[in-house]
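Every chain is named by a letter (A, B, C and D) in the order it is written, and numbering of its residues begins at 1.
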Amino acid sequence: MTTTSRREFVHGAAATLVAASAIATPLAASEEKTVSNTAYDYQHVPAPLPFAAKALNGISEKLVQSHWQNNYTGAVTALNLLRGRLKQALGDSNTPAYLYNGLKREQLLRTGSVVLHELYFGNLGGDGKAGADLRARIAASFGSFDAWESEFRKIGQGLGGGSGWVVLGFNQKLKLLENYWMADHATAPADTAPILVMDMYEHAYQMDFGAAAAKYIDAFFSNINWDTVAQRL
Amino acid sequence: MTTTSRREFVHGAAATLVAASAIATPLAASEEKTVSNTAYDYQHVPAPLPFAAKALNGISEKLVQSHWQNNYTGAVTALNLLRGRLKQALGDSNTPAYLYNGLKREQLLRTGSVVLHELYFGNLGGDGKAGADLRARIAASFGSFDAWESEFRKIGQGLGGGSGWVVLGFNQKLKLLENYWMADHATAPADTAPILVMDMYEHAYQMDFGAAAAKYIDAFFSNINWDTVAQRL
Amino acid sequence: MTTTSRREFVHGAAATLVAASAIATPLAASEEKTVSNTAYDYQHVPAPLPFAAKALNGISEKLVQSHWQNNYTGAVTALNLLRGRLKQALGDSNTPAYLYNGLKREQLLRTGSVVLHELYFGNLGGDGKAGADLRARIAASFGSFDAWESEFRKIGQGLGGGSGWVVLGFNQKLKLLENYWMADHATAPADTAPILVMDMYEHAYQMDFGAAAAKYIDAFFSNINWDTVAQRL
Amino acid sequence: MTTTSRREFVHGAAATLVAASAIATPLAASEEKTVSNTAYDYQHVPAPLPFAAKALNGISEKLVQSHWQNNYTGAVTALNLLRGRLKQALGDSNTPAYLYNGLKREQLLRTGSVVLHELYFGNLGGDGKAGADLRARIAASFGSFDAWESEFRKIGQGLGGGSGWVVLGFNQKLKLLENYWMADHATAPADTAPILVMDMYEHAYQMDFGAAAAKYIDAFFSNINWDTVAQRL
C-alpha cells in the first residue's frame, strides 16, 4: 500500500555484496524497470539498514550486522538464485508439478523473508514513542493502546524458542487493524498490509539475550520507529 | 462458549444474501462501523455469492452451494466464535503465551479462509475472457500471457490431492506481479495484494471431478470474471 | 527426468495386485533386498488393497479405487521419481543446501503419504468390532474405550474441510498410547508407532459424503479391521 | 523400537527444575505407573542431561545449560500443563472440534520437542567416533559412510537460520535407513525409529556460533555418542 517506505530501502549495499554481477547497482528508475522485467528475471537488490548498525538501544551492533548480513541478505541471494531455477524448471517438460511447487514453496518462503526483514529493519531505529494520532488509531481497534501492546507482546513471547513473526496489519478485506501470529516466513495474513513487524526468529535475539525473548521484546519496543509505522498506516 | 454469536451471524448472512455487489463494494456505513469496533468484537457477515450458484460453466450448483455454505460460511462462523475465545484468553492471566498463540494460529487460518474464499468467489462468474489491457499487463510480467497461465496452472496441478491456493498477486515490496503457491489458508505472500485466486482444496472440485484436478482447473479458467481481476489490479 | 521409473513401478504394482496379505506381512526376501539397496536407489512397489475395493460398508468402490489409484499410488510414483532427483542434486556441487532441502521436504511428505496410506488401508476391511483385550488396553490409557473413541472422532471432525490424519499411536519415548492430530503427510509424532490411522484428506470422503465428514467417520469406524490394529499394538 | 535408550533418561527431576540438582535419582516404577495412567493425566518428568553440561567439545556449558533448561524443560512444562487443558476442553461440550485441534496441534508440537530433545541429548556426550559395525551398517544404506554424513550435514546447513531437525531414522514400513529433513517439532517421518538426531533450531548454536551453522554441525559431529546410536539401531 505505502510505496514511500520502499524508498528508504532502495539504496545498494553493493560494497558488501559477494558477486557484483548478480546484484547490480541500483538505478534511479529501477522500479519502472522491474515492472517491465518478467517475474523470472527480477533480481532483488538488498536494502541497506536504514540506521547505523550500532544505533539501536540494547541490541548490539554485532547482532544487527549478523542479522542483516547473514539472514536478510542471505535470503535475497537465495531468492535471486531461485528465479533461475524456476525458469529452468518451467522450461523442462520433465518437471513434475509437485517438484515445481517445491521451488515455488521456497520462493514463497524466501520472498517472505526478504519482505518481512525489510519491513522489520524499516520500523526500527526510532525512539519507541508513538505519536498521539497513531496511539488513538490503534486504540480505536484494540480498545486501548495498552491492550494492543499487551497482545502484540504476548504473541511474541509465545514464539520464543522458535521461528516466526508478529505483525500488526491492516486487513484490506475485513477493514480491520489486527495483530497476527506468523509461524515462519511463508505464513502471512492474506490481503493484509503490514504496519509493524517484529522478527521472533532466534537469530533476532539469541546472540544478545540468549533464551530471554521477553528482554528482546522490550528492546524492540524501545527502538520502534513510529514515524515509519504511521506512514505505512 | 459463545454459541450465540453464531446465531447472530447466520441471520445476518441470510439478510444480505440479496445484494450481488456485496463483495466488490462494501457499504460505506458498515465500513465505518467495523473500524470503530475493536478487533476482538468484530463479527464478520458472510458475503453472498456474487453469481447464481448454478451459473458456472462445468462446476455444479451442488458443489458451489456446498463450497459456499460448508467451507466458506463455516470459516466465517469459526472466525466469529474465535474472537470471543481470544478475548477470554487474553483476559485470563493463566493463559500461557504458547496457548494463546494456538488461538492466534487458528485466527490466522480462518481469516485466510474467509478472505481467500471471498476473493475466489469474487473472481468467478465471468466468461473467462481476459481483455487486451489485462493480457498485456500480465504479459509484461511473465513474458507472455500464456507463460503466466502455464505457470498458474502448473502450480494448481501440483496442489492436486491436497490443500492450498494459487494466487496471482502484486507484491507491494518487490513491485512485482507474481504467481504464488500457498499450502493452506495460513500461508500467503507477505504484503501482497491478491489479484486472481484459485482454490485447490479438494472441496473445490472432488464432488464434480474426483481426483481430476486438471479438469477443474480448466473449468475454473472458463469461469474467471476478468473484470473483477482488472479492478483489483 | 527419469520418467521411466514410473513405468517400472506401475507394472510392478499390477503384478502384485494379488497377494492380499502383502501389507501386513512383507516377504522376508524383499526386506533383505531393500536393506541392501542404498537409500537413493530404493524403488517402492505399491501395496495392493488388502480387501476388495467394493467390500467396504458405506464407502463406495469408486472412492476406494480412486483413493488407492490416484492418491496412494500417485504418492508412490512421486516418491520413486524423487529419489533420482535427490541423487542428482546431491551429486551436483551447485545445489544450495536450502534447495536440496526442498527436495527432502518433498521426500518427507511423499514418504508420509505412502506410509500412512498403507497403514490406513491396512486397518480397514474389518467389521468394526474391537475385541475385549484391545478395548481394555485402550481403556487403560484413555479412561474408557468410549473416551478414546470420542477424542479420536473429535480430532477427525476438526480436520473436516482440510488435509490431515488422525492417529492412535504408541509413543516409544513417553510409553503412552495417545491420539494425535496431524496436519498433513509431513507432520507426525516423533518416535511413535502408528496403531490406528484415519485419513482426513478430503479425497477420503468428498466423493461419497460431500462436506459431511462426520458421516465418513461413522463409515470408517464400521470398517475398522481391529485384528490388524491388535497386531500392530 | 529400542526401549533401552529411555532408561538413560528416566530420572526424576522432582519438584525443583531450576537448580542444577535437577539431575536426580530414578523412580524404578515410574514406567509402569505411566502406562496405567490415562493419556490425559500423564505428567512427564524431565530427563537429566546424560553428560555434564560442560563436557562437550566446542559447545559451551552456558549454551548446553540454556538449551536443556529453557528449551527442553520448557517444552516438558508446556506439555504437562497442556494435558489439563485438553481434559478440560474435551469435557466441555461447547468446545468446537477445530479449537480442540488447536490444543492437539500444540500437544503434537510439544511432544515432538520433548522426544526429540531427549534423543538429541542422548546421542551427545561421546567422542564422535563411530564403530566399524555401525559404519558398515550405515554404508550399506547410503553407499558409503561419507555419503551418509555428507547428506546429513547438507540437510543441517539448509536448516541454518530457521527451526528444524535432521534425523537418521529407520523407516519401519519401507525397511529403510534414511536421513530426513524436519521443519519443526511437529514434522516427522511417520512410523520411523529415530537413530541419530541433530537439533537445528537456532537456540542449539546461536549463542556460541552466531549464524555459523556449519561450525556447530562440526561440533555436533565431534560429540556424537555412537554407542547410543548403535543401541538404538
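Basically, a contact is a pair of C-beta atoms (placed from the backbone, for glycine too) under 8 Å apart; a residue touches a chain by one contact, two chains touch by 3 or more.
Keep in mind that what you see is a predicted model, and the values were worked out from it rather than measured.
Where the sister copies chain C and chain D meet, the same residue numbers recur on both sides for over half of the interface positions. Set side by side, the interfaces A-B and B-C show unequal numbers of C-beta pairs in contact, with more at A-B. Centre-to-centre separation between chain A and chain C, using Cα means, comes to 38 Å. Rounded to whole angstrom, the centroid-to-centroid distance between chain A and chain B, based on C-alpha atoms, equals 24 Å.
Per-chain Cα centroids separate chain B from chain C by 30 Å.
In chain A, the positions touching at least two other chains are 96, 98-99, 105, 183. Viewed as a network of touching protein chains, the structure reduces to a complete graph with every chain in contact with every other. Taken together, the chain B residues at the contact with chain A in this complex read 26, 31, 34-36, 38-40, 42, 44, 90, 96-101, 104-105, 107-108, 111-112, 114-116, 118-119, 140-143, 147, 150-151, 154-155, 157-160, 171-183, 185-191, 193-194. The part of chain C that touches chain B in the complex is made up of residues 62, 66, 70-71, 74, 161-163, 184, 201-203, 206-207, 210-211.
Taken together, the chain D residues at the contact with chain B in this complex read 78, 81-82, 85, 92, 94, 96, 98-99, 102-103, 105-106.
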